[in-house]
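Here come two complexes built around subunit A, the first alongside subunit B, the second alongside subunit C.
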Partner chain A sequence: MIHDFLAHLETLLLWGFAGCAFVSASLMLVLRQPMRVAMALVSCMVFLGGVYGLLGVHFIAAFQVLIYVGAVMVFMVYAIMLLDPRDESATAKYSKLLWPGIIGFALLAEALAVGYWNDLPHAPRGALGEPFDIARFSTAFLTEYWLHFELTSVLLLAAVVAALAVIKENRRHERG
Partner chain B sequence: MDKVQMLQVLAASLFALGLTGVIIRRNVLVMLMCMELMLNGVNLSLVTFAHTMGSTVGAVLVFLIFVVATAEIAIAIPIVLLLVRRKRSLDIESYTDLKG
Partner chain C sequence: MIADLVISLVFIGYAISVLMGFGTILTWVERKQAAVMSDRIGANRAYIRIPFTKVKLVWWGLFHGMADGLKMLLKEDFKPRTYDWYAYAVAPWVVFTPVLLVFAVIPFGGTLTPAALWAPLGEWFGDKSYPMQIATLDAGLLIVFAFSGLTIIGAMLAGWSSSNKFSLLGALRAGSQMISYELVLGLTVLGLILIYGTVDLDSMVRKQSGTVLGVLPAWGIVYQPFAAILFLTAAIAENKRIPFDLPEAESELIAGYFTEYSAMKMGLFMFAEFIEIAVIGALFTTLFLGGYNLPFMSDAGFAFPGGAAVAMPHGAVVVTQLATFLAKVFVVCSFQILIRWTLPRFRYDQVLTFAWKFMLPLAIANLCVTAVAVWWIRA
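What follows is the complex of A and B.
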């Protein structure tokens, strides 16, 4: 009885989190202020973290909240706070591409949804619901995917060098 | 409609919403945030497939996407700061110097 109720609650929560994520993602397109858009994106990411948690991938849920909301979005909010008062151009919210964009959205969403509806590969049912734990993930990460790991560190190094180059360019521009 | 289908449709619609936001919005920061939304849609799709198939490949890819998103923001925000310092505007239509 109570087991049944818990299973239903899990499905209900999954649908609720998914619906809330979709609503906050749609709000991002209609809100005018950048700060409100950022808050909508933060809530979308937190709801997606809830979805990951319900799927049993707890470490990705934790990293979703820690890295995306905690680092990326805080950086974004700082940038908005730094830049927003100077922006006098907020008269028009949408660009000239509004109608082509909406038509493209409708076509893309329809194509993707129909594609998923018809030919989603049916998974081996035995594996479903078996949550992969962090031990298995870390072993795979450092034995099978070590090359990708190293390439990622090279990418991060390149990002640091590029950020320094951008700052240097800025100083040169200010001097000359 | 089962769980996996619903999550895949959600992932597809998040990606489509993000792409539409990049196309129709004018504020550069909002466009950057819509790009993050696209990455989130891809992440959701990868996690759902990894969960369905019971493999770790999807989770590894999600981690790599986290790193790429962080690096992208770390480069994009200084570039936006520089552009705003030169043009005094966040509007994408004022950056038309390369237009013929």
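What follows is the complex of A and C.
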């Protein structure tokens, strides 16, 4: 009994984390108030981290939480906290397009499921050879993907410069 | 398989009791050490009287922790009319839980072989051996930073949801300060990663078990003394304690982001802070002070540089390693409290200037020097 339970514990946890991630992702779409949306997104990221961890890629789980929650979401929460948008739309009724939207989403999900799910290759479990550990990841990252990484950093730098320029322009208007 | 589960549960129980124990003891240490430093008697009011006698047990004020706990449990749990009650209720847990989780990847002892401890255990466990660590992960140090990033969200959530201007100001300060110092914290540790070539905390500690130049223990603090100072400073700032306690500076902001919290919810914030002292102590011990290693000691016993060797049974080695780790953590905790009662508080702009214009360049300089040195020695 307990042996069976332990043998399936990992699968059970995986489904648990996946289910929680799905629920929090749906909550992120459904909730109205900005801070709660942010919190739903944070918990979605953390549960996805749990999924990665259970699949054996602990460093991807760490990066998931470190970058998305520790950096991106912290700044989003910071911005929501500062702006504090207590507008009325958060308590208003849903839009008239709610039902068409839900039906469209269901159709799209079904089309995706029918179109893609059966064609997905079934990953052979435990046949991945040597584990994809952090050493292999780092080697691949610094040999094959360094250009992508550098391009992304340049893009981010451009975004920062653009944000500064926008702020300066606004300040000049306020003074003048 | 059940044996593995039992071992994991034992380790988890040990880790939680160590952290809770440290959290409770440190509240007392903070008072008693303050008293000793300022030449007072201090913390001697709480006592337990043996019923029907006049014998009062004071025990150097150790019961103050118990009195604190009772007070927090029995006080009115005041609920302010907040803008977002849900966020208000969740915030203390978002601060408290990650602090406990960080300890999961810290090795608190060497290798445990149950069969070598006591022969009857061998029938059940076989000849398996377990590293004394809850989760042996190759991404150890990254997990530490991932979880410590979560507490920032908790602090900001608490301040924002309290509907109080002081709380909001405190949350703003907490957010900016913790983001700034987490960057410095990460950069100071990079030098060590360069030297040891791993982010797995267990193998990092194993690499610190040898000696340098025959005499000095190969601890991180010997290789990176400068990074050790920067790390401890940034960690204290990350924990928001004096001299960096601006987010909860009582003369300016009442209690900062947890002003509106009372009873055990406020207790969770306080407890998280004290447990984080212990977690910082454990991290500093693991990264810079050789973890559970005593100088010249290995899993077989002591081997001194002169050639003398003392063999030790497995049980004695395990107990020595556990005790060494706890002792080192306690010394680092005590040092943090020493700093807390020594230095005055910064001004808030000084805190941020200190992070970005002083600590960050120094950390980067340390990293560059380390990188060049490692490259030079390996080439």
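As a working rule, the second predicted complex is superposed on the first by the 145 of 176 C-alpha atoms of A that agree within 3 Å, B and C clash if a C-alpha of one lies under 4 Å from a C-alpha of the other, contacts with A are read in each partner's own complex, and residues count from 1 in each chain.
Keep this in mind: contacts are C-beta pairs under 8 Å (C-beta built on N, C-alpha and C of every residue); 3 or more make two chains touch, one makes a residue touch a chain.
Just so it is clear, the model here is predicted, and its values are computed rather than measured.
When both complexes are superposed on subunit A, subunit B and subunit C end up sitting side by side without clashing.
Number of subunit A residues touched is higher for B, counting subunit B against subunit C. Residue contacts after overlaying the shared chain place A:M39 against subunit C, while subunit B stays out of touching range.
In the superposed pair of complexes, A:W15 makes contact with subunit B only, with no contact to subunit C. By the touch criterion stated above, A:M1 is placed in contact with neither subunit B nor subunit C.
Legend: residue contacts after superposition of the two complexes on their common chain; A:A62 is shown touching subunit C, with no touch to subunit B. Shared-chain residue A:V51: touches subunit B; no touch with subunit C.
Of the two partner chains placed around the shared chain by superposition, subunit B and subunit C are both touched by A:A71.
In the superposition on chain A, contact of A:L147 is made with neither subunit B nor subunit C. The gap separating subunit B from subunit C in the superposed three-chain model is 14 Å, by closest C-alpha atoms. Judged by the document's definition of touching, subunit A residues 63, 71, 80, 82, 84, 86 lie at the interface with subunit B and also at the interface with subunit C. Subunit C makes touch with subunit A in their complex at residues 1-2, 5, 83-84, 86-87, 90, 137-139, 142-143, 145-150, 152-153, 156-157, 159-161, 168, 171-172, 175, 179, 182, 199. Interface of subunit B with subunit A (complex): residues 3-10, 12-21, 23-27, 29-30, 32-34, 36-37, 40, 43-44, 47-48, 50-56, 59-60, 62-64, 66-71, 73-75, 77-82, 84-86, 88-94. On the subunit A side of its complex with subunit C, the touching residues are 2-3, 6-7, 33, 35-36, 39, 42, 46, 49, 58-59, 61-63, 65-66, 69-71, 73-74, 77-78, 80-82, 84, 86, 133-134.
Interface of subunit A with subunit B (complex): residues 11, 14-15, 18, 21-22, 25-26, 28-29, 34, 37-38, 41, 44-45, 48, 51-52, 55-57, 60, 63-64, 67-68, 71-72, 75-76, 79-80, 82-84, 86-90, 92-95, 97-98, 100-102, 104-105, 108-109, 112-113, 116-117, 120, 123-124, 127-128, 130-132, 136-137, 140-141, 145, 148, 152, 155-156, 158-160, 162-163, 166-167, 169-170, 173.
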